[in-house]
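So, here come the structures, one by one.
Next come two complexes built around subunit A: one with subunit B, the other with subunit C.
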Partner chain A sequence: MSASAQAIGPRAAAKPSSLKRSRRWALWWSYVFLVLFAIFFLMPPVYMLIMGLKTSGEIAAMTNPWWVFHPTLENFKALLGSTQYLTFFRNSAVIAVAVVIITMLIAVPAAFSLGRMKFWGSTTLATGVFLTYLIPDSLLFIPLFKIMAWVHETTGIALLNHWWALIIIYPTLTVPFCTWIMIGYFQSIPKELDEAALIDGAGYIQMLTKIFLPVALPGIIAATIFAFTVSWSEFLYPMAFTVSTDQLVLPVGIVTTLIKGDVYNWGQIMAACLMGAAPPLIIYAFLMDYYIAGLTAGATKG
Partner chain B sequence: MAQVTLRKLVKHYDETPAVRGIDLEISDKEFVVLVGPSGCGKSTTLRMIAGLEDITGGDVLIGGEVVNDVPPKDRDIAMVFQNYALYPHMSVYENMSFGLRLKKTPKDEITRRVQNAAQILDISELLERKPKQLSGGQRQRVAMGRAIVRDPKVFLFDEPLSNLDAKLRVQMRTEIKKVHQKVRTTTVYVTHDQVEAMTLADRVVVMNGGNIEQVGTPNDLYHSPSTKFVAGFIGSPAMNFLPCALDEAAGGLRVRLSDQLSFPVPQERTARYRPHLGRGRLLFGLRPENIMEQRPHLEANQNPFEVELEVTEPMGMETLVYFLVQGMEVCGRVNPNAGARDGKRIKLVADLNNMHLIDDESGKVL
Partner chain C sequence: MANGIAAKAPASSPARRMTMQKLMRRRSTTALALALPLIVLISTLVIYPAFYAVYLSMLDRTMEHFTGLRNILFLLHFDTFWMVVKQSCLFAITAVIFKALIGFVTSHFVHNLPAKGQRKWRGMLLVPWVIPTAMSTIAWFWLFDPSYSAINWLLAKFGIESIPFLGVPGWARFSVILVNVWYGAPFFLIMYLAALKSVPDQLYEAAAIDGASWWQKVWYVTLPMMRNIIAITMLFSLIVTFANFDIVRILTYGGPVNSTHIFATWAFALGIQGNNIPMGASVSLFMLPILGVAAYFILRDINRRGSSV
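For the complex of A and B:
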C-alpha cells in the first residue's frame, strides 16, 4: 500500500511540470511558424516598396534586390501626377463603394428572409444562393459578355467598355457569398430575440433595422470587407468588359498601361501596386476591432 | 379586465399533435401555472396565447375577445423568456423602453414607467448597463421589467427560472410572487418544476401528453389528485403506488398489499370504495409523509407494521427510508432520531387518513 503510494507520488508531482514543459514547446513551435509565415506573407509588399523606391537605372543595374542605394520618390510622383493612374484609382474606388452598397442592400434583406422567415422552399433557395457562388467567374464571363451585348442590341444601352457597367456585374460575385455569410449570422441570433421584438410591437422592418442589424454588425462588416476586396481586386471581368484606357480599373490599368510591349516599367508597376493595395489594408485596420468584438455576448444566457 | 380563455385549443405540428383540445378559464388577476413533463404541450399552449404559434383548432380569448388571428403586438401581452432574450446592443433602460418607444409613447411617460418598474424590481442603478454586464438574476429582472413597463393585460412566463442556479431560483421565485402581489396582472406561467408551480400559483394546471390532467389550487392537487399522473407528479418524493386488492373483512373493508400486509380502510371511505370491491388492477397510493416512525399514541386509521429497510437518506430535518413491499420500492419519511439505518428492521406507521385508491386501467383516482 505504502509502496504503491510512493511509486505514484513522484510521478504525480512530475505530471504538471511535464504538462508545462510540453506547453512551452508548443508555444515555441507556434512562434517559429508564425514568424516564418509573417516573413513569407510580408515579403511581396516589402519587395514592392523596395522596388518602388528605386530608379529605373538602379533596377536595370540589378543591384541587391533587398536594398535601395539611391532611394527616390520619382515613381510615386510620376503616378500621382498622371491622370491615367488617378482615373483608374477613381474608377476602382467608385465601383467598389457602389458594389458594397448594392451588395448590402440585396444581401441583408435576402439573408434575413431566407434565414429568419421560414417559408416554403426557403432552405432550398438558401442552398441555391450558395451554389451560385461556386460557379467560377472564368466560366461566367463569356455568357455575361453575350448578355451585355444582347442588352446593347435590344435596349440601346451600351454596357460594354463602360467602367460603371462593372457595378452591375460585380454583385453577381459578391451577393451570393455575402448572403450566405449573413444567413449564417442571422441564424446564430437566438430566436427569442425576434419573438421578444414581435411582442414588443416591432414589424419585420423594425426587427431588421433595430435588432438584427446592430446585433449582426460583426457579420455585416465581414461581408462588407469581402465585397470590397472582391470588387477592388477583380481582374477577369474588367479585363474582358473594358478596353479604352479611361475605362479601366486599377488592376487591369496597371498591367495594360505600365507594360508597353516588352518594356516593363518595374519601378512604377511596383509603386502602383503598393498604393493600390493600401485602401483594403486601411479598411481592414479600422474595421478589425468591430469584426472581432462579439456583439451577441449577453443576448441570452452566457 | 383581462381573463384568458382557451376553448378546445388544438395544435398539430405537421401530423404530430402537441395540444389536443384543451379548455381553460383564467380569471382576471389570477396567477396560473402550467406544469408538466417536457413535451406535454405547456409551452406550445403559452406560445399560442402569445400569438407566436399558429392555432390549429379552437379559440384563444383575451379579455373576452377571440385573438386567434391577432398578431402578438396587438394582443397586449408581455412575455418573459427562459433565456431572457434581452437586446444585447441596448442598455437596460433602452431594453425596457423599446416597446414603448415603438408605440411612440411620450418621453416623460416612458421615463416614469421605466423608473417605476426599476424600483419594483430593485434595478434602478443598473439602467445604464448593457445586458452582458449583468448577472443571470439581474438579466431576468430586466426581462421582467421589460414586461412590467408595458402594463399589459397578461404576463406570460416561459420557464423563466430554468437558467438560474438552484439558490437564485428560489430567490427569484419569491421575487416573482412579490411582483405579482404588487402589479396584480393576470399571469400564465409555464414550468416543469412542480415546486415552482405549487409555490407560485393561485391555480395549477397539470398537463400531460397534450391534455389537461387536472386544474386546481396547489392544495387541491396535492391532497385530492384526480388521476394517477397528478398524484405521482405533484409532491417530492413522489407518492408510493402499490398494487392492492380490496377485501371485505369483519367490520369493514381492507386493502391487501401482500399476504402479510393489509390495512383497514378508514370508516368514512367505506361507502366510496365499496363499489370497487373485488375489482382487479387497483393501486394503493400513499405519500411518503404518511409513512412514519412508530409513535406511542396512534391516532385513528394509523396502522403499525414492521419492515426491513433497504436504504436510508438522512436529509437533516427528516430521514427518507426505502423498503420493499412485494418487490416494489416504498418511501417513507421518519424523524432523524428514530434510529433508521440501512438494513435495520424498524416499526413504521401507515396513516391511511390520506390514502388514495386508483384504478390502474383508467388512471383515475377513485
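For the complex of A and C:
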C-alpha cells in the first residue's frame, strides 16, 4: 500500500486522509447506533434489576420506574428463604444436569458413528436427525401428553405432573442439534488420526474415548452449553405436563404461581426472573466463545 | 481407509481377507450400536408422536370414535381459526423480516469497530438470546403494563399519550412481534457477523479499486457472499418463530379476544386447557405445511453444500 502510494506521488497525499476521515465517520456512526441498539437489547434485564431492588411500597408509589431510590435486597432474601422458589430452582437444576448428561451420552457416540464410521444408511440417518430438529415442541406436546397418560393407564407409572418425567422428554429437544454439531466437529478431524489409531491396534471405542473426545472437546463444551440452556429455559413441555406447585420448574413456576391474580408482587417476581436467568447468563459470561461456536455451528458447518 | 490397507497387501491371503471382513462386520455393528440410543429416542419420542398427532386429530372429543377429517373441516369453517392462521403468518413473517434487518444492520456496525472492542459489544448484544424467554417476557409484560408501564412513563415525559400496549388488538399484535424481534435479532447478529468475517478482504479492496460506493459494496460483494447464511438463518428462524409459544402465552395469552393467538397457543388452549385433545392436535398440524416448505429449502441447501465440498 505505502509503496504504491509513493509511486503515485503527490496525488496520494489527499487520498489516505479522506479515507481515514470517512472511516472515522463510519466508526462514529457505528457507535451511535450500537449504543441505541444496546439500550433496546438491555432494557428488560436492566429493568428486572431495578425492580428487583425496589420495595413493594416504592413500586406502589409509582415513582420514576427507571430509578431505585431506596435499594434493598429484601426481594432476593425473601426468595432464597421461600421453599417454593427453591423447589423450582432445584427441579430446574436437576433436570438440566440430568438432561445434559443423557444428551451427551446419546449424542456423542451417535455423532461418532454417523460422522466417522460410515455404514449403510448413515448419511440418510444424519439428515433425518437434522430434520427431527426442525420438528417443534409445539407440534409434539399434545401427542406426548396423550402418550404419557396412556403409559400411566397401562403400566401404572405416573409421568404426568412429575417433574422428573421431563428428564425423559427434554432430550428430544437437545439430542438432534447436539448430534448435528458433533458430527460437524468429528468430520473436521483429519482422517490420518484414526488411521494411526487403527494401525496401533486401537478399537473404535478406544479411538472415540482416547482421540476423538479430547480433540473435539470445544465441540463437546459447545453442545453441553446448548443442552443446558435449552433445558433450563424450556417452557411449553413443563407448562403442559406439570401442574402441582412442587412439581414446577423455574420458568413455569414464576409465571403461574408468583403471578397470582391481582396480587402482583412485582419486586419479587423481577428478582425471581433475574435469579432464574442467572445460570445461563453466568455460563455465557465465562464461556462466551463456546456458546457462540455452538450457535453458529448449526448453519455454517454441515 | 479399508481400501488403503487392502491395496498395500495385494497378495491378500484368505486369512487376511477373513480378518478384514470381520473388521468390517465389527465396524458396522459397533457403528449401529453407537447410534442405537439416538435412533430409539428419535423414533419413540419424535417420529411416533408426530404420526400419533395425525391419528389423534381424526378422533372426536371423547377420543372413542374415529371421525376422519371432521375436525379439520370444522376448523376450516371457524372464523377464529382463520384469525389464528392470519395472525401466525403475520407474526412469523414480520418478526423474521425485522430480526433479519436488525441483525444485518447491527452486524455491520459491530464489524466496523476495531477488533478489540468487538468482543465486548458482541457479548452485550447477545444477552436477550441468553436470558430464558419466559423470564424476559415477564419483564416485557410489566414494561407494557397499563398502570405501571415504564414505557408509557417515558412516553409521558415526551408528552406522548399512554399506549394500551396489551389491551387493544393492534397494539397487542405489535407488542408480541416486538418482543419476538427483541429476543431473536441477536441470533441473526451473531450469524451475520460470522458470515461477514468469512468474506475475504480482497473482494472489498478490489471493489474499492474499481471505485465502488459503500452501497455497491454491500449490494455486489457482501450480499452475494452472505446469501446462503441469510437464507438459512431466516428459514430456521421462520420455523422457530412460527412454532413459538412462550411469548404469546405470557404476554397476552391470546387476548384481547383471541386476536394474538398463534397456532401453538391456540392448540394449547383448546387441547390441554379446553380438554379437547383431538382439536388441539388438528390445530397444531396446520403448522406442518410451512415447516415442510422451510425444511425442504434448508435440506436442499445442506445437500448442495455437502456435494460441493
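Miscellaneous remarks
Assume the second predicted complex is superposed on the first by the 244 of 302 C-alpha atoms of A that agree within 3 Å, B and C clash if a C-alpha of one lies under 4 Å from a C-alpha of the other, contacts with A are read in each partner's own complex, and residues count from 1 in each chain.
The definition used in the following text is that a residue touches a chain if its C-beta (ideal position, glycine included) is under 8 Å from a C-beta of that chain, and two chains touch if they have at least 3 such contacts.
For clarity, every value in this text was computed on a predicted model and none was experimentally measured.
When the two complexes are overlaid on their common chain A, residue A:A202 makes contact with subunit B while staying clear of subunit C.
Of the two partner chains placed around the shared chain by superposition, subunit C is the only one that A:I59 touches, whereas subunit B remains out of contact.
Once the two complexes are overlaid on the shared chain, A:P190 sits against subunit B while remaining clear of subunit C. Here subunit B and subunit C are compared by how many residues of subunit A each touches, and C touches more. By the touch criterion stated above, A:F112 is placed in contact with subunit C alone, subunit B being left untouched.
Judged by the touch definition given at the top, the superposed model places A:I211 against subunit B, while subunit C stays out of reach. Residues 195, 198, 295-296, 298-300 of subunit A are contacted both by subunit B in one complex and by subunit C in the other. On the side of subunit A, the complex with subunit B involves touching residues 190, 192-193, 195-202, 206, 210-211, 214-215, 217, 295-301. By the touch criterion stated above, subunit C contacts subunit A in their complex at residues 1, 4, 26-28, 30-32, 34-35, 37-39, 41-42, 45-47, 49-50, 52-53, 56, 102, 105-106, 108-110, 112-114, 119, 121-136, 138-140, 142-143, 147-148, 150, 153-154, 182, 185-187, 190-191, 194-195, 198, 229, 232-233, 236, 239-240, 242-246, 249-250, 263-264, 267-268, 271-272, 277, 280-281, 284-285, 287-288, 291, 294-295, 298-299, 302-303, 305-306.
Partner subunit C is touched in their complex by these residues of subunit A: 26-27, 29-31, 33-34, 37-38, 40-45, 47-48, 51, 59, 62, 64-66, 105-107, 109-110, 112-114, 117-120, 122, 125, 127-132, 134-147, 168-169, 171-172, 175-176, 179, 191, 194-195, 198, 204-205, 208, 229, 232-233, 235-236, 239-240, 250-252, 254-255, 259, 266, 269-270, 273-274, 276-277, 280-281, 284-285, 288, 291-292, 295-296, 298-300, 302. Residues of subunit B that touch subunit A in their complex: 50-52, 71-73, 77-79, 81-89, 98-99, 102-103, 130-134, 136, 139, 146, 150, 163.
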